[in-house]
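So, here's a batch of structures to check.
Consider the two complexes below, in which chain A is the common component and chain B and chain C are the respective partners.
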Partner chain A sequence: MKKRVGIPRALLYYTYYPLWREFFTSLGAEVVVSSPTTKGILNQGVKKAVDEACLPVKLYYGHVMDLIGKVDYLFLPRMVSVEAKTYICPKFLGLPDMIRHNVDNLPTLIDVNINRHKNDNQLYGAVYQVGKMFSANPYNIYAAFNRAIKVQNRYETLLQQGILPFEALSVLERGDGGDKETATPQQGKDLTIALVGHPYNIYDNYISMNLIEKLKTMGAMVMTPEAVAPEVVEGEANKLPKKMFWNMGKKMVGSAFHFLNRPDVDGIIHLAAFGCGPDSFTGELVEREVRRKKTVPFLNLTIDEHTGEAGIVTRLEAFVDMIRWKAVSQ
Partner chain B sequence: MKVTFPHMGNMYICVKALLEDMGVEVVVPPQTSKRTISLGTRNSPEFACLPMKVNIGNFIEAHELGADTIIMAGGVGPCRFGYYAQVQREILKDLGYDYKMVVLEPPEKHISELLGNIRYVTGNKSWFRVIKALRLAWYKARALDELEVWVHRLRPREYQKGEADRVYGQAIRDIDQAKSCREVLGAAAKAGQKFGEIQADWTKKCLKIGLVGEIFVVLEPFANLNVEKHLGELGVEVERSIYLSEWINEHLFMGLLRKVKSSKEARKSARPYINHTVGGHGQDTIGHTVLYKQEGFDGVVQLAPFTCMPEIVAQSVLPKVSRDYNIPTLSLVVDEHAGEAGVMTRLEAFVDLLTRKAEGKEGVNL
Partner chain C sequence: MNCFLGVDVGSVSTNIILMDEETNVLESMYLRTQGKPIVTVQRGLQDLAGRLKPGWHIRAAGTTGSARHLTSVIMGADSVKNEITAHAVAATHLVPGAQTVLEIGGQDSKIIVLRNGVVADFAMNTVCAAGTGSFLDQQAARLNIPIEDFGPIALEAKSPVRIAGRCSVFAESDMIHKQQMGHNLSDILAGLCEALVRNYLNNVGKGKEILGPVVFQGGVAANVGIKKAFEEALEVEVQIPKHYDVMGAVGAALLAREAVAKGQPSKFKGFEAAQEDYRAGSFECGDCPNLCEVIEIAAGEKTIARWGDRCSKWANSVMAEESAV
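Moving on to the complex of A and B:
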């Protein structure tokens, strides 16, 4: 029987799923992803986690619990750092500990440290450590990782073309080139809105309350940080007085600054999670910059487990209307 | 140039000594008050952590007194502290304040950045002068830490309530006034004698509670709603996991002095629960809890600012530590809305539980 590896559909799932899946399946494992977020999944997470935790971490607990009994392993790497001199967030550093000491009946945890803070050499060590659990053959592990990297690169290329993660995932799933058919995802819209936030907030349809779809229905084209080239992010983020040590934060600030300078962006929405530490700072830096420039309308939305859909819709509609009026009056 | 800096408990005494000894003009911000916190909160991001907001309040109030330069510490992550200065600069800029900010932090590229920053404040004072000033600040920090150990022991034991705090208050002023290391030692000795004269019941067996958590709220009584004092009045002997001198060594001296042993030990004890640094004092919080149990303490109080990331990690595993080691813990999360009355009630209930547990009553489970 195949070994089943569970991956929670939360946090970095949206960023690295293709890599993880390819790696495990190449080694003969079966990958099981938790169900898409529902009220039930969120609620069980909210109950387990401490009140003070941010929404995404609470949700992560819920997805972990969803996998219990369905898998032999739970892939829960300690994501310390994915890029030199940066971290993700302190909570990612402690995530395996938080889960292990709070959730009962866990399957075997795969909780290697992924740490590229100093250099890249350690990464393969971690990969090998995980691979060994599924294959005794070092070459197979190496080959599986190489395949995984290739798939991940394709995924990122698709994202760079403006294709949203769930579409990109299904392109990969279908296994076709995909690039052409899907490269013209959004047309016939009169507005462009940049949506800035953590991938696990903006792409989780339950958490974001279908924000992207809603904007599209209102006639807006949506751009997200995933479509901004890394060099551009880097260049814009370098305008900060000091290097930002959260890589996701850097991406958000860098892409927000970039959107701010693009003539085709009509408005920027910052989606923050309740209780998120880095968001409170990156959001502030972005908001102040936007308000000083006064060129692009800006909306800051904070979501938590109690946020009502109606309130969000009202604010979105008002925002979009405002942008349209502005266009007319100019 | 009029230099100010953020408040954190008694730290102002040390920083003031450091700067004034080098001939720098200093503006100590008014003691942190309700007004400070409300000014800070109004001008900071809603989900910023409390220390960051209080800093802003301090800077605004110091500006009212004419300060034009801020000196503060920084860091390289992962916790927000390392980015305080940069966000605060933007906030102050939008308020229309023309503050120059000097951030002491591990340099990004070269040590010369740090030296340059120090030089900005010290001017062309000789390094000898600088070292002499650092020494004075260090002596003051150590002396202040010692005073606190006294107060923690005396509060639950003195016959005449408030005496220890009176001596403490005077001693703080004396140390603040001291102009040389010698005078600091003199003030400390005098205080020691005064403390010794206080009539107290040294045979009394007090409950012992260890205080752990995020350093700012642990060291700043206004932010932690006087937790130490209230516990003392409830008859509890308090011990703190972090002292001012440790922070000064870490941030002002960049850890040049020997690493404090207890912190290393704590992190080691934390490993089975938090197996990696999580920034701030998250691991220390867990490790010290374990150590306090081993030293026979009755309970542990964790202090954390609302949304503090490292402490949330710690808070998440603390119940497990508490069960495994059979030591009651209480997590107090504070923000600008926290009220003293609410905290008092929770402390009383906690002390009550510890008392019953200590008396060996049945049915006291965690």
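Moving on to the complex of A and C:
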């Protein structure tokens, strides 16, 4: 019987799922993803999680609980750093411990350390350690990892073409070779809005209150940091007086600065999660730059566990009205 | 004569205005919503129907405020717009040249930055309602003074006391402390006005470029103490438009006028809508783990609108029934 590996549909799922999935399936395991976020999943998570955690971490708890009983392993790597000289965020560092101590009846945890902060050599060691749980053959592990890297690269290429993760995942799922016919750039919209935030906030339809869909319905094309090339992010983020050491924060700030310089971007929305430390910094850094430039309208939205949509809708409507009104008057 | 109806249903007050083609406000009403938006709107419309002069014809209607969708279902509206846009539109029409709009209502407060008659930036208070009308109401009641006297008493202050305005709970304990120390009422009230203004400018107004002319609107603009505190903090004159307390409704009427500018027929159902028996109910949909709370509005026996479901299947089912008819 195939070993079942559970992956919570939360946090870095939106960034690395293709990599993880390809690796485990190549080694003969079955990958099980938790259900899309619902009120039930969020409530479960909020109840279990420590109060000080941010909203996305609380949601992660809910997704872990959704997988209990359905899988033999739970893939919960300790993601310390994914690139040189940056860190993810302290809450990611402590995630395996938080889960282990707060959630009962857990399956076997796969909680290897991923830390590329100082050197890259550590990475394959971690990969091999996980691979050994599924295959005794070192070559198989190596081959699976290579395949996984290829799929991940393809996913990132799709994202950089402006395809949103949800669609990019289904393109990969279908497994068709050609990117061209599957790439569906958004068309027929009169506005372009850049939505800047952590991937796990902006792409989770439940906690983002369907923000991307709402913007599309209002006639806006949506651009996200995932569509900005890493070199561009790096170049823009270097304009900060001090290096930002959160890689996700750096991506948000760098891409927001990039969007600020693009004539085709009509407005920038920063989506912050309640209780997120880095978000409070990135929001402020972006807002200050926006105010200095005074060219692009900016909106900062904060999401939390409340389900009331009225506040978000009012602000979004007013933001879009403002942009359109401005366009008419010019 | 063609008239335009604007209705702003907020958490604390419901405002209804009637405007002519030349943007003159003919009738205006300020009602307390008291948690019953449907009944309040119906009562207001009934009242307004009685005040209509012969020949007045409602050419178009618009709604705004947090109950704008609910209200539009009941009375039929040509424009359903958020309150930020409505307030901005009203300010640009009634105070030409305005560059900043400060708006403080019952439970929310906002700032709108206008440049060349167009919204350039805005912000709204987040979860915290410190420094809005409800808090002033509450404090006036605690001190046993009518809310109307709040401002004039504050103006008499010789040396306003410093009150922590960051949070209304702390502000209240701070006020009680100052009062027990022996400070007089006018100094405490003036201190509270300054604290509210400080809080507003630090939260809602954070990072915004506040240039004159500055317009102050919303129910709290009636409070001369707050007006003075704003003037001192900003060092500019603060203007209060004549219809400061119903500006949202004025904006809604202006937006309605715009919506039918190309000669479209109005969706306004007429004042008979005020007589009909509307019932609002809700149920929890158990079809998926989202457990959405679905709101259902019924006129007599017929369900006329549903919302609140994330997947829209309940909302769409009403529309499907409608298009089938």
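As a convention for this text, the second predicted complex is superposed on the first by the 326 of 330 C-alpha atoms of A that agree within 3 Å, B and C clash if a C-alpha of one lies under 4 Å from a C-alpha of the other, contacts with A are read in each partner's own complex, and residues count from 1 in each chain.
In this section, a contact is a pair of C-beta atoms (placed from the backbone, for glycine too) under 8 Å apart; a residue touches a chain by one contact, two chains touch by 3 or more.
Because the structure is a prediction, the values reported are computed rather than measured.
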Looking at the combined model built on chain A, do chain B and chain C fit side by side or clash? fit
Rounding to a multiple of 10°, what is the angle at chain A's Cα centre between the Cα centres of chain B and chain C in the superposition? 80
Would you check which partner chain A:V80 touches, where first means chain B only, second means chain C only, and both and neither mean what they say? first
Is A:E22 touching anything from chain B or chain C once the two structures are fitted on A? First, second, both or neither. neither
Of chain B and chain C, which one contacts the greater number of residues in chain A? B
Going by the contact rule set out at the top, does A:T314 touch chain B (first), chain C (second), both, or neither? second
Applying the touch criterion given at the start, work out whether A:I41 contacts chain B, chain C, both or neither, answering first, second, both or neither. second
For A:S329 in the superposed arrangement: first (chain B), second (chain C), both or neither? second
Touching A:H101 in the superposition: chain B (first), chain C (second), both, neither? first
First, second, both or neither for A:P297, with chain B first and chain C second: second
Chain B versus chain C - smallest C-alpha distance in the overlay, whole Å: 5
Those residues of chain A which chain B touches in one complex and chain C touches in the other: 288, 302
Could you please specify the touching residues of chain A with respect to chain B in the complex? 49-50, 52-54, 57, 78, 80, 85-91, 93-94, 96-98, 101-102, 113, 240-246, 272, 274-281, 283-285, 288, 292, 302
Touching residues (chain side chain A, partner chain C) in the complex: 35, 38-41, 206, 210, 287-288, 291, 297-298, 302, 304, 310-311, 313-315, 317-319, 321-322, 325-326, 329
Interfacial residue positions of chain B with respect to chain A in the complex: 44-49, 74, 76-80, 82-83, 85-87, 89-91, 94, 108, 273-280, 282, 304, 306-310, 312-317, 319-320, 333
Interface with chain A, chain C side, in the complex: residues 66, 81-85, 116-122, 124, 126-127, 207, 209, 288-292, 310
